[in-house]
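In what comes next, chain A is part of two complexes: it sits with chain B in the first one and with chain C in the second one.
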Partner chain A sequence: MSVARRTFIQLGAGATVGILFTPTVWKALDDVSIWTQNWPWIPKLKYGAVEAKPTVSKMCESGCAVKVRTVAGEAFGTMGNVDNPLSGGGICPLCANGVQVKNSPNRIKAPMLDGQEISWEKAQEVVAEKLAAAGSKVAVISGDQTGTVNEVFSALLNDKGSDAFYVMPCDMQAADKAWTGLMGGAGQVGYDLEGADLVLLAGADALESWGPTVANLKSFAANESGKFIFAGPMQTKTASVTSKWVPVPAEGMAAFTLGLAYYVLQAGKTVGAADFDLFRSMVMSEYSPAKVEAATGVKADQMAALAKQLLTASNPVVVPAGPVAAHGAAFALNLLLGGAMKALPEFAKAIPSAMSRSEMLRADILDGVNTDLLFVYEANPAYALPEKIKAGFTVAFDMVQTETTATANLVLPSLHPYERFDDLASPYGLAAATYSLGVPVSKPSVNAANAATFILGLADLGFETFEEVLGAKVDAIGADMDALQGGEAFVVEGETPVAASLAANVLGKAAVPVKGTGAVGLVPYTLLSVGTANRATTPNAPCTISNNQLVGDHMVVMMGSATAKQLGVSVGSMVKLSGGKGECEALVQIFEGVMPGVVAAPLGLGHTVGDEFSKGKGDNVYKILTVSSEAAAGASTWAGSTVNVAKI
Partner chain B sequence: MEERKTSKRCGGVFPFIIGFLATCVLGWAVIPGLFFAEEEQPVWFSHAVHVDGQGMDCESCHYFRDDGSYAGFPTNEVCAECHAVDPEEAREAIAEEGIDLNDYAAIMKAGIGAIEDNLASSDEDKMQAEREYVVKYLIQGKEVPWLNYQYQPDNVYFSHASHKNLSIEELASMKKELSDVVDPSVFEGEAPEQNCNLCHPKDIQTNDVPPALQRNVLSGYSKTTMKMWKCERCHALKGQPNACYTCHK
Partner chain C sequence: MSHFKEFKIKWGMVIDIDKCTGCGACMVGCQVENNIAPMTKSDPYNYVQALTKPRDDASNKLRTLTWMNVYELSNGKSFPEHETAYLPRPCMQCGNPACVPVCPVVATDKNEEGGIVSQIYPRCIGCRYCMAACPYHARYFNWWDPLWPEGMDKGLSPSTSVRPRGVVEKCNFCHSRYLEAKDKARLDGEDPMNLPEGAYTTACADICPTKAITFGDLNNPEHKVHELIQSPNAFRLLEKLGLHPQVYYMSEREWVRKQGDNYNAEAGGHH
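And now, the complex of A and B:
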């Protein structure tokens, strides 16, 4: 027995040593290590043709003309479209993350009625029933400023006898209220930033979040001989690259602009408006440099120097932002200067019963919405306007979960811009009317549908699908469908603006600075990487948010050292900001680029619903904004918001 | 004591030598073969029929796309340029016959005109292969899952465009150094116009019956999938960079 055992051990030892002299063990080890590359949960690459397909992205408020990079038909990246003047090859921080949003786990995957998944057919039934019951008490809030989708929604409202079409507060709305509402102008105001030799950005942070930022940046880069000046309460990133920053409080921007107009009028500039004389006497008596200096703190000699630069420029333009009065004052000044402000013709409608863009911008959402049935299209009023919106039944269309979809009765997933037909008609701010078309460049990754096509199924508006509507739109404006689908834009140059009136009566009262009762002024500012009222920050973008906006999960507010001293805080202090009907918590950062007596806070943080990149990051500044009525202009504004600051 | 004597009678180290030699033989001659399982191509594709018979060249099917990437295998779209069966018409004809679209055997047996009248082959065995392709893939709208003899892992970036100008004739001068990297027979005879033989089965373009793919049962890759050291060796010999990011992008 023991002999056999010993022999066996010797045989085994020999076999063991012998096998090591063969490739078997080493090959097996090698193959096993290679096998680890093929574990089933390891992502597999897509193989196929790499293409760059032109379409439009609607992540930011202006929209970007983009090219979506695909491999084997699957989107994997986004870049600018050099063939489109909106883009010139650039892309904004929100739209740059289009693919990541498209593939985000935060996408809404199917229609949801009161938290329960339902079919699209059932959703159609529910909405049809609610629509019939609501009668004319139907309203729409649209987060899209440039899409023909608004024609579909407004035509539905018209069909139901309602005109309750709302947009989220925006500069395009304030501009329209001033231009077509107060001054009797026609078309949409635009600014030739590339052709102007002097650009006074009166609050418009055009190179970071105002208007078509990518086109603005391209114009800024192309305009080598032009001079850019920024006026506003904070030295924004835009201000940091312009020639000069003029500190002007937000609520005083209209008065400041009229203060400039004083010198321009004094120089003998005139304009053929019915109330020119009234305007002249109003400015000369009410907005003399001394009075403006007293009201805004801007030195008279600084205004004089600025006015001189505007008068000596051959093609100047003043670009406003903020309240209606600030827009009206800037438009009046532009008309006096006769510079690079343009009036863009509106493109013909695809649906005759739809509202014009001006009509769509008429209703003031800050006055509040109260309706039986509310459609919210890719907007987030529950985040930005929680106190203002009341509805018996809310239908929210969106791609991703938001505060609005979390509180809506019926949530309908809309297709991502890369999965749907869409368009971009004249984003506000451009010097030319521009139309771009978006076509699906990727298959839908969830059970989503085109919101406009869904609406077309609810009423007989003459079209079955949104694709048909866009076909009619392209025909109506006289563009070439093939060129548009190829990524080119249809462009109609802007015209010289003509106003019936300078709104002297209104501006005289509306331009008076009105400030809240809080201890310090509040300057809310927008950065696209942080987010907008409608869109939270996107995946990848948080790594571009600086310590001046967010540290860890804490929002950061900036103020000058004099303000900090006045408030008894220092760098890193945790403070509570109280204003409006709410409170915010933030860390303090000292930045001398913020005017004394004001605190600057980033809009777009503090989401309670969303993905890991936005939810629970910072605080929501919309809570502490104060809505005030613009005297005489018949509008509401957040300019002049103030807060009390307490160290905690 | 008795046990020790017995042990000596058994030959001392003899069992060790027996074990050693046995596993050496097994390890060199038998076991390596067990690592591989043979897999046939999903369709009998004859290069000879297409290249010699129809005068097609390599680029007809294995071409570079407009974006510069290499398409690899032909898609149905490419095959349909010659194989003129209209998938929609064929599907309608199959439905009219009351045959399930997934019942391949029944479709092939039924002799459906929309398929049979458009087959390009004349020999019965080749016609059967073409019929199989048409029924199983073309009219189903499915791409043929061709087996790739040199499939590379996803973590390897291999550009055909970067290697297309390698010349077998020029490389022949270093055939000794390359003998472990490529099949030495590649350098025998007159150098072909195409350099595909460097990595792919030699003279595959004249092949009538596609060779079986020998798939490694552990790693899942083909026996002829190129190993990293081979890439590195050739790069070093050609004076090309061997930094990690050259191939692992």
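And now, the complex of A and C:
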């Protein structure tokens, strides 16, 4: 049969018209569209009752008061807890990703002895045996700055006749060494950032990573009439919102603060401390504006203007960070000014034989740890302190795999903060002693256990479970358990600080800048989106890390154009930084908010163990930090680290 | 010709740049709320991964999915005169959106009460004309299937469907929260078209520790945003283009305001 051309065209036109008018094609296209958006590997949502349950999150160092959002009992998100003064509704970027860390494949799923999965009972036997053999050669490194879990660990140490309790290097430790150690003060120092009319952040990156960050941010937002000034070697995120940035090298912060004290003393300010006269003569002779300018590079007229602002403020406060000497100098200045520094009472202990917080902060981990049996609780010293720790047998408690769990003999999975009982007692920096409670709001995802309950099974400390310890703690401090479980905080106002001494003898020697011998100064800085010494980048955070920290898998260091010219590098140059006992590779970025002669590098990158969101990203700046001794203050510090920079 | 359309309710945001520290909490909160998958290099469902190119992870900022993005601004001066600021950037929900008229399949529109620019994912054919049209770079192409590493898909928010590869995504002012707030108002016997301050807010505004982000109905005098946008320090990004964004910014710093308008504020603006 032949088909005439006319017939063919008629059929074709008919078919076209038919296609246009039949819904079949459009329906099919619509179905294809929907079908291809519902591939079986695209996750489906879970529906059910949505709730918000209060608890605490301990991803960041101070901890955040949060509400965990659940759907049909499964946690899916984290929000701030407006009922708790630590939060005000906000949370930090680390804690905001708490649920994602809880569900991460990086969670440790069961106890592991030398890489082999074992039962909790077997783990208990192994640790009991090691504990018996170690005698008093037992030590603890805790990554928790605020928890009563530390009481359990320190009570175990006491039971074994050891006082080797270590915390990772932190400002709370330097503050305590200065305040209770050198100056004879009592309690924990706090800063009323909301009530102050002038806040000088002397190195404290308080609106990004220092202290109780979220509470600081909340105070900053609430304090509309107050003025915030940031002093430090780099224009940090904190500096970006303060009214002024005063460039001061990190190792010169103590001298700079005493330079301000010079003017304050000159204005006739006094304080009732035994060595006030000695302090006055020491500052007036050793920290005159000209001498401080020569030592730190900060202009005398700039210090004079700043001191004038402090003197005219009705409620000023200086917030220090870094070495013990910088803390001591700031505390002395605050005492002279009589402003918004507070002394917080310590909450009563739940376990009588446990150390006080001040006792827990006494040992200096930068001096090194050498022990037969080491317990590491949610800390990562193998990443941040690789050269410092030596132990015959290491037991590491953590939620997720880290460099420390990878090298530990026994790894014990701890419950995630949303799965366990926990607490936050007076995060360092708050103006009032504040206690918040954490309760389980989600079922455990893995075969984990509460680390403190495990420890209580090893010795007779008077409690069977950590929940009982927390009950005793709440009773001891006189708080209401129901209110705490409802997400409220128990708050005791801070007091006017009183010191026996201004540590004149020590500060006179310790405040002199000590700098390494490298070509340029190193400014390590912490961003919570990148992580902390204990916690790596969380799953949703990598896209928040800017090109000033990470490009591809390469770390980025920032420096001013003058420094780049001096080093012969430019934007995008690949460089090797050598310092301490290691080396780092990085790309160069020009950022004029870094002091000349200084290179700024982000802490927290360069993990070799962990999940795909943190592992292999950038390089580890802890490797190139140099520990120097604050001999007069009896402490060690990373301030004053320097590096050599070579183009590669 | 302007396509500006007025709405009785106009949800909007005022972002105080002088309070934003660029911490990134808003970005994380947005991703969690809206089920934006953390970008992974490997695809657990691709059993021939070895034969295919690895996926981009979040290190590749050209292919990240961040409905809320935070930009760093610099005054361009040298040390010690240098200043920096941070600018969070959600979708501007323009009154006269550039993205809407260019969409060939009507997958994006601004007809909903509240003035939110919607994106209908099943209609989107991924041509990306809207991305090219948006001067704020607020639209994102989903280059990769949204895959969560094993176990992490348990933590999905019930609010927002997961979008597949090949569609354009954008911030919708957490629209599901608007629907929930209206439902709640109806259940409580209140007027869903007159929600009080705070009844509906976005995840980024909720989570921001400095409360730099304020959210509300720009047309409602009882909402704080209504007052904030009257401030002489308030401005909108690229105002001159005449897109009428519903996101306002505030800064006391003149250089920030100037950069917000690409230094064109004094060039006559849009008429």
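The criterion applied here is as follows: the second predicted complex is superposed on the first by the 603 of 648 C-alpha atoms of A that agree within 3 Å, B and C clash if a C-alpha of one lies under 4 Å from a C-alpha of the other, contacts with A are read in each partner's own complex, and residues count from 1 in each chain.
The working rule: a contact is a pair of C-beta atoms (placed from the backbone, for glycine too) under 8 Å apart; a residue touches a chain by one contact, two chains touch by 3 or more.
Model, not experiment: these values are computed from the prediction.
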**Prompt:** In the superposed arrangement, which partner chain does A:Ile34 touch: chain B (first), chain C (second), both, or neither?
**Reply:** both
**Request:** Would you sort A:Thr22 into first (chain B), second (chain C), both or neither based on which partner it touches?
**Result:** first
**Which partner, chain B or chain C, touches more chain A residues** = C
**Message:** Let me test your reading of the model: by the given contact rule, A:Tyr47 touches which partner, first (chain B), second (chain C), both or neither?
**Reply:** both
**Asked** Where does A:Glu74 make contact in the superposed view: on chain B (first), on chain C (second), on both, or on neither?
**Response** second
**Asked** First (chain B), second (chain C), both or neither: which does A:Ser240 touch?
**Response** second
**Message:** Taking the superposition on A as described, I'd like to know which of chain B and chain C A:Ile648 touches: first, second, both or neither.
**Reply:** neither
**chain A residues contacted in one complex by chain B, in the other by chain C** = 34, 37-38, 42-45, 47, 50
**Touching residues (chain side chain B, partner chain A) in the complex** = 3, 6-7, 10, 13-24, 26-28, 31-32, 35, 65-67, 69, 71-72, 153-155, 216, 218-221
**Touching residues on chain A, where the partner in the complex is chain B** = 2-3, 6-8, 10-19, 21-24, 27-28, 30-32, 34-35, 37-38, 42-45, 47, 49-51
**chain C - residues contacting chain A, complex** = 18-25, 27-29, 31-33, 35-36, 38-42, 45, 57-61, 64-66, 70, 72, 74, 77-80, 82-86, 121-123, 145-158, 161-164, 166-167, 206-212
**Message:** Touching residues of chain A toward chain C in the complex: what are they?
**Reply:** 33-34, 36-39, 41-48, 50, 69, 71, 74-80, 88-93, 96-97, 99-100, 102-105, 107, 207-208, 213-214, 217-218, 220-221, 235, 237-241, 245, 247, 445, 527-529, 538-548, 550-553, 560-562, 592-596, 611-613, 617
